[in-house]
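Inspection log for the structure reproduced underneath, given as structure tokens.
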């Protein structure tokens, strides 16, 4: 019609995205200008520092697994970001860090993140490229390899942050059998239950994405979390609102079908 | 049966038991299988990626056979590459059905930069590739997840709760009660993920209910996981049963006997040694709490 | 009394290797000596069966195979049963793979069902398009322009020369999609990028572990139904009345589940005794 | 500095905006990039990168061998395995060109590569995968303890799915389940009231009610439905489970959306070391 370059049936989505994006940006700006927000504590994130401390006391390394997928998954990127924070702690506590990865681009990114963290903490001498090392791209060969590292090096803490599939339980059970503190964070829905049952702490779904804001304490990131909460409230409101409309639509026949609006091709 | 198949069956059975032996404890059979697995799979994926991505999709678009007909010939650079490796660059261009796309020089450049980042002084070369990956992932996933995980699910939850054609209570059919369960569960579950407010009062109660729903969901997942994992074990045992037949010279039986005998002997030896030397306490690691 | 309690406590702190051994035993024994428990189809499985049954004869059905040898025990029986059902009702089948190893699995199924059991003609009754790399990009490619993505089939035959491919240009030319999936890329990508945007009905056969992930899509009507793991496959085998490998695994499956439940109960008993004792002292 | 920091950020922004807005723009070139090329480029990039990974693996293993670190002998196995796979992948096909050209050899029966896949790679993958059956058993043994109400919900829904899903669940009568419920309620009352008499009366009354009802209705195996395991499991995974899973899904969807937007807008930059 009038807009040759626009998919008109996706316009609802465009508006939704714009609204959500501006909510996020508003909160980020607000936080940058000094607005303060409360964030409820997440036990799993507090435990990260404890785990690093415990490893130092025991003189054993920390194992960090940033998932088994490549950087084209948002979870992996989030995992690498959390790794950056963990690396800062290991630099401060002078604990050794072991990061086996299963994708080469992740290896590169994780190295950059660790290098930077060690620089910021003023310990570039402690950084060693091979603390982040590649095993293999294959899911189960990688699990076998990490298993081997766990049984032989006996890390005091194991952290699993990223996208996981079936190998999650192999890792978590082996970690459990060597008595390590285990902290997991993932948005892979099917794997959350295993982490919940086999690990000491688990960041469930959205908590994992909020982790970097919690750990970095940067105002703009915390503002983002706050923005996310506002969107969530809006989502809940939409659910309730659409239920009311749907009920009225079906029972009294007011002429507006909300399910049409929510259908995006 | 061919020799290579029978040899293959023996190798497969040996490696299978090598990995199963981990259930007993970390031992040389497992270490052997583990290291072999890591090495072989790294090589396997390198070859697979090369032959399913770089050769057909990159080189196949830069030097497609469509362009280089029998009369026009191939350019010098291709002839040179073909001289170096005739298997990757066969005569007359690469026939994978692609047209010529010179824009694919960009991923080639990013890929080369990735490789060059091995040189320490320019290791930041890798950042461009990482940046591309993150940008692409962010753009594509933001829409996909928002559409299916958020809007699609909101739509799924938005139903007519007082539908007069539905019974109030029915276990497995849609009913008003079941609709209520979904609505309450979804909303309370969402409230559990509310970060910027203390979970006290009504929010605290709702998020508690939310946790209950999450737990039921986790339990169900766990139940399904048990089911799936047992199915796979059944599949694995079916293979082992197949390989124990006469056709394969009873591979399963012999390998199993050998592995058990060796591990048993080793652990017997270890016990002997331990009773002579004082216990170092090294072995308690495998035990449960 | 305390002697019994001690025994339970001993069971509670049992070395996990004994559990491993018992699991191995209870799986292998019913495989060798089957009992033949009855199989009762659940609604989600029946929905898949009904929606395929409802398709008018000669419908174009896309069958996507995305699993590897490691989940073959769960997915393969589904692929076989679905193929049997489709060929029995004389539908046209188009087979694609999102996983490279899926091609071997699909080839196995074709050899068994299309060639040996039904004697179907290649290019007239079914086409094997095969694997294309690119994960969700392949799904999107099939939706936007299948012919650009697939210029040749698995056997390097030109698509234009295959009679069945006449008039098949994109995803909208199919009437139904069945995805036999073991993870990423798989069912969820098909829902997100193909079925949702076009409205073509789809069903899926998934490994047990994925059931929870895809269930909300089924509940929201984005998929007509789902075959859940090996039991789902066994149920489908019962519906089309052709028993296969899934049915024969069901005894072992049942016994193993019962044993695990027994473990959980024993574990809890010793947990309670322990807790009571620690309260006393 | 500009090459190391600003340009990568710029790349993220440009590529991110293009792929995001590409969903809305009806223009063939942009559509082609978003639908096809964008992910293809990434796949090509990843294929180059895997060479880096492989080199890193070999480097570490060779170091282990050279310095004869503990377990170096197994590093020899890893290196040999890698070389074997590379040989089968690039140098020795094992069949004629008429059977399979280079490139097709990775999927053709009879090649050395396919042999490696069939008899080394796939049995090891499948076995690693089936190890999970054992781990899931020991994990459920240890983790499914009735510590509190949440853990009890986890346990109950897990057990109902486990038993109700498989054929054996459909031969367990709903009356048996009712007796079980009466008995476990009895245990609970005993713990709560600490009075044997109350417990005894409760259990006796409960059992008699169930038995009388059973005789009245003739003990049908699947009625009443709310005590029949296959029916309960279906209800659980269709309703409460979906509600729980859906809230996680929406949360994940929002999390991924918000995180992606943060990357595109350059608010979060630490993935390239900032």
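So that you can tell them apart, the chains are marked A, B, C and D in the order they are listed, and the count of residues begins at 1 in each.
In the analysis below, contacts are C-beta pairs under 8 Å (C-beta built on N, C-alpha and C of every residue); 3 or more make two chains touch, one makes a residue touch a chain.
Quick caveat, the model's predicted, so the values are computed rather than measured.
Engineer: Please identify which chain has its centre, taken as the mean of its CA atoms, farthest from the centre of chain A.
Structural biologist: If we average the C-alpha coordinates per chain, C ends up farthest from chain A.
Engineer: Sort out for me whether A-B or B-D is joined by the greater number of C-beta contact pairs.
Structural biologist: It is B-D, judged by the count of C-beta pairs in contact.
Engineer: Looking at mean CA positions, which chain is nearest the middle of everything shown?
Structural biologist: Smallest centre-to-centre distance to the global C-alpha mean: chain D.
Engineer: Counting in whole Å, what is the centre-to-centre distance of chain B and chain D, each centre being its mean C-alpha position?
Structural biologist: 9
Engineer: Nearest whole angstrom, what separates the Cα centre of chain A from the Cα centre of chain B?
Structural biologist: The answer is 18 Å.
Engineer: So how far apart, in whole Å, are chain A and chain D when each is placed at the average of its C-alpha atoms?
Structural biologist: Between these chains, centre-to-centre, one finds 16 Å.
Engineer: Provide the list of chain B residues touching at least two other chains, using ranges where the numbers run on.
Structural biologist: 19, 22-23, 31, 33-35, 37-38, 40-42, 44-45, 48-49, 52-53, 57, 114, 117, 124, 127, 129-130, 133-134, 136-138, 140-143, 146-148, 150, 153-157, 172, 182-183, 186-187, 190, 193, 214, 217-222, 224-227, 229-230, 232-233, 235-236, 286, 288 - these are the residues of chain B that touch more than one other chain.
Engineer: Can you list the chain D residues in contact with two or more other chains?
Structural biologist: In chain D, 20, 23, 38-40, 42-43, 45-46, 49-54, 57, 71, 106, 117, 121, 124-126, 128-129, 131-138, 140, 142, 144, 154-155, 159, 162, 165-166, 234, 237-238, 241-242, 245-246, 248-252, 254, 256-257, 259-261, 263, 271-273 touch at least two other chains.
Engineer: Enumerate the residues of chain A that touch no fewer than two other chains.
Structural biologist: 13, 17, 20, 70-72, 74, 77, 104-105, 108-109, 112, 134-138, 140-141, 144, 152, 166, 169, 177, 189-190, 192-194, 197, 204-206, 210, 228, 232, 235, 264
Engineer: Which of the residues in chain D come into contact with chain A in the complex?
Structural biologist: 20, 23-27, 39, 42, 45-46, 49-54, 56-57, 60, 71, 121, 124-125, 128-129, 131-132, 135-136, 138-140, 142-144, 154, 245, 248-252, 254-263, 265, 267-268, 270-274
Engineer: Name, in rising order, each residue of chain A that touches chain D in their complex.
Structural biologist: Interface residues on chain A, with respect to chain D: 4-7, 10-11, 13-14, 17, 20-21, 24-25, 28, 70-72, 74-75, 77-78, 80-81, 84, 101, 103-105, 107-109, 112-113, 115-116, 130, 133-141, 143-144, 152, 166-167, 169-170, 172-173, 176, 187, 189, 192-194, 197-198, 204-206, 208-210, 212, 216, 220-221, 224, 227-228, 231-232, 235.
Engineer: What residues of chain C sit close enough to touch chain A in their complex?
Structural biologist: Touch list, chain C to chain A: 16, 70, 183-184, 196-199, 209-210, 212-213.
Engineer: If you look only at chain A, which of its residues touch chain C in the complex?
Structural biologist: Listed in rising order, the residues of chain A that touch chain C are 69, 140, 165-166, 177, 189-190, 264-265.
Engineer: Which residues of chain B touch chain D in their complex?
Structural biologist: 4, 7-9, 11-13, 15-16, 19-20, 22-23, 31-58, 87-88, 90, 103-104, 106-108, 110-112, 114-115, 117-118, 124, 127-143, 145-146, 148-150, 153-154, 156-157, 171-172, 178, 181-190, 192-193, 210-227, 229-230, 232-233, 235-236, 239, 288
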